[in-house]
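Below, chain A partners chain B and then partners chain C, in two separate complexes.
Coming up: the complex of A and B.
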């Protein structure tokens, strides 16, 4: 017996916690590579599910009314912003209250470039998104080392500074009056003003959301994403595994800022309007609430939360501000009962349905076996 | 292989490590023992880059690594485990070993898995496996990448006597097979005397004895430090 076996022999029987650990039935000794391959095979099914959803979603204009499509478009923009905050939370464990700043900077930046330069509309959008992302990069460089609550407070403070600055820069933002923007040019073969119509905008809006979901899903699963998750889990251990943890976290923050910037620009393209509220901390707060309700463990959670929020808000529109009380109650219920959000609830329902189906199929198998043995007797 | 030269580390006015000088020879297990608060773990922290010394230097294979970051030291070949198990709570064992193997270009992570008998828990997160297995995952994370020097901070803490002895034997085998050098901080004196080629005893941050384990065992100051004045 080798010494390695000695270790196992000693550890096995004496370790009571080990004996009670929930093991998969029939698990065989396995290598790391084989275990990872199995996980990748499971991911293919998720990818297929995403593809089916992406294609099905494109058909929305033929299924729902114009008003509902308008709401869906709002949900997509909010969902993108929620996704940016939720993905950052999921991958790094860092909670940002400053993403409204990147959302607003991208929107106002796009509007400013469109009004003051003769750049083609495509390039204008890229510059606007770039400005928001650059702001995220700078904020990330300054704040990412701060732990937990300090990071949340720093991003909140920086976000509020940007909001105050926005209010002061009246010539750029039009202050509390809001900024109406007439975008001009051709974007993806259409006059950009046509994107004010939800039917025209929907394929682009939905496509951007699904593409972002796919990219973030891939980033979460690739080597870099798994390293980020490892940093979130145990930063010190990562450093003692030879990984410098600062730059990957800055990159993750900038990537999430990019998604928030895309949301801000998309909002401008579809509404032709920017208001200072876009920069206010409550925009980040709402996106965070939506992300938590949807569930941050899945990239589809935040958009799902946004859909639920917009539906609830619309359903309760006649009741004044009461919808906020309902949203608050839903948030409390989700945090207490299903911390993984709606995606966790859906997962639980799926598992329960699968186990029910298995039980029924076993019952029908055994009754047919009994019938068969009686006939044989 | 490893030289600590007049190493001092102070928390304010308290010197946790006070002018410690010692040399660790390649391919040996060097024990670092002493009562609680003697400065053993701080020494490990200073060698691994978790803490920067107030004064003095750390040389590894002739190179001054005193100001080097922890990730750079790891790539040079200085690895460590932790007194409190330090693994990734949300990742499966396979995931965490795979991440570490990718970072450290470990071509045969399965050899580490086999050596520490972790095959059965690869698909589980740390919360789903036993304490002994978690401890072995912590050590596996330190062994990935075949580091030249492994600093083990109380690896037998929380293990039964049998588990501790088995772990000690495994460490001895590791040094023999891989030529890995080990610095072992341990309270289990049975483990220490079983495997260590050399012992350094610390008390209140300073070295009070250093040499062959059997000689150190009989040292009057060591007996006093461990058993009190009457024993000495």
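Coming up: the complex of A and C.
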């Protein structure tokens, strides 16, 4: 009995992210090959889970009300921004407080191009997103070498610099009044104004999120992503081993800025409105909190955190709007108790339930069959 | 010009008190305290409440002590638990505190701006020969410089100050020498919070109280610490006065440009000398 319990306790599932999976397991020791087989199997399950979620999410307009769909759309935009910050944190270990700048530049850039040029709408959006990404690239070139905390402070200062500039460029941003934008043209077979309606916009909004999740998931698993993680863990060692450590991180920062820019432009398309708060540091800060609460170790964590946040904010709006205090307390609790965020909590619950089930089936087996059949398999 | 220099000095001294607390906490705990601005703001509001009921002088004494006690609690029940983990976790913890404090202030005192009247002894202006200058601001400058002199003396000559400097240099070795590093860290975090509290009380009658004041000063303080050099105490002190003067002079000489000045100063310093005026690269 005790032996059986020990085995069930020790044989936890392996971490699927910890090993790179080369194509030739033949030359590897058995244990490593088995781990890699398991990692590949886990990856397959994750891909299937992603597909199921993507398809299921498309059905949301038939299940939830218009108001809830509106909230879901907000959650997706926030989730994308959180994803950009969370992915950067996970992949490079660097905490950015300046992503609101890219989010806002993309939004204002799209609005500016739409108002001042006659480009088709698709190209307008691409230019807007491009502007945000370009800003991220420049910031990345300047700051990426700064270690840990200095990087957080630098990105914060640059983000605030952009905010100050945004307040002064009144002709472009309309300052604190906010900017109403009328986009014109046909996007993906629909008049772009129709995207103001959550039901019309939902397939696009959801598709963008799921696609981004998939791309970032793939990027974390490819050679480049592994190299980034190695640089995060020991930059000096990587440099010593002959790998470039500067450009991969700049590229990662630009990629993360691209996702933030997509979020900014998506926000503009669905709300037709930009305000200066989009550039303020609290936008980055909120997205960061959401990402940490959701859990940055998984690409689904930040969007999950965004959904939880929007639900919480909506729930608390009726009772005096103390969401700042609640979200701050939740953040403190998560950092102290479950650094992996909600995804870690879910994982722990899942593991506990699995081992409980296993133990229960084992005890019931051993009481009815005297443990014989179970031990043989 | 003379008045502008004094204005710069008054703001610089405020930054001086704040940034030395921030730098001390960074040296001992390796964490940049994102709650520093929130603590400063909380101090200003509590000082306002106390001044309204009793007197400003009572607030000047009690508020820093109260916040130092709060700092002790944050260190004991928060930062100490995270000492084995990534410093970013500590940043997130202090960031969470910022949100809670901001909510408490908005709930208790609302979002509109408040002011505190300076005590009667410090109202009016003083004739300095070259110009007359508000007495309260002279008091702020004197208090700030006095506190910083005391802080430097404490670090240089006291036993605990020696431990603080040693632990800032090498935490592990200092611990191995028999110094209770956790206790020293607790003292320093409490001191840092207390200094932020003092800055908040001093700022009350001088600047305007609003829920945005914490963030504004926090970012300027970060700039000061980065320009001065992370891991140094003297560097941020010089940088604080520099940033204060640059801020005051730019406000008058180039008003449209003044908001950019601190950020450009920071970018310039980081591009030319990434470790700041007196920082050590290894401290990061």
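Criterion: the second predicted complex is superposed on the first by the 329 of 377 C-alpha atoms of A that agree within 3 Å, B and C clash if a C-alpha of one lies under 4 Å from a C-alpha of the other, contacts with A are read in each partner's own complex, and residues count from 1 in each chain.
Note that in this section a residue touches a chain if its C-beta (ideal position, glycine included) is under 8 Å from a C-beta of that chain, and two chains touch if they have at least 3 such contacts.
Because the structure is predicted, anything quoted here is derived from the model rather than measured.
> Let me test your reading of the model: by the given contact rule, A:189 touches which partner, first (chain B), second (chain C), both or neither?
neither
> In the superposed arrangement, which partner chain does A:289 touch: chain B (first), chain C (second), both, or neither?
In the superposed model, A:289 contacts chain C only, not chain B.
> Of the two partner chains, chain B (first) and chain C (second), which one does A:32 touch, if any: first, second, both, or neither?
Touch partner of A:32: chain B, not chain C.
> Go through the superposed model and pick first if A:327 touches only chain B, second if only chain C, both, or neither.
In the superposed model, A:327 contacts chain C only, not chain B.
> Give one of first, second, both or neither to describe whether A:226 is in contact with chain B, with chain C, with both, or with none.
A:226 sits against chain B, while chain C stays out of touch.
> Is A:149 touching the first partner chain B, the second partner chain C, both, or neither of them?
A:149: touches chain C, not chain B.
> For A:164, is the partner it touches chain B (first), chain C (second), both, or none of the two (neither)?
Touch partner of A:164: chain C, not chain B.
> In their shared complex, at which residues does chain B touch chain A?
Residues 48, 50, 69-71, 74-75, 79-80, 82, 86-92, 94-104, 109-110, 113-117, 119-124, 128-133, 136, 141-142, 144-145, 159-160, 162-163, 165-167, 169-170, 172-173.
> Report the residues of chain A in contact with chain C in the complex, numbered from low to high.
Listed in rising order, the residues of chain A that touch chain C are 89, 93, 95, 142, 145-150, 152-154, 156-158, 160-161, 164-165, 167-168, 281-282, 285, 288-289, 292, 320, 322, 324-325, 327-332, 335-336, 339.
> What part of chain C is in contact with chain A in the complex they form?
26, 30-32, 78, 81-82, 85-89, 91-93, 95-100, 102-104, 106-107, 215, 219, 222-223, 225-226, 230, 256, 259-260, 263-264, 266-267, 270-271, 274, 284
> For chain A, which residues count as touching chain B in their complex?
2-11, 14-19, 21-24, 27, 29-33, 35-36, 39, 223, 226-227, 229-230, 232-234, 236-237, 239-244
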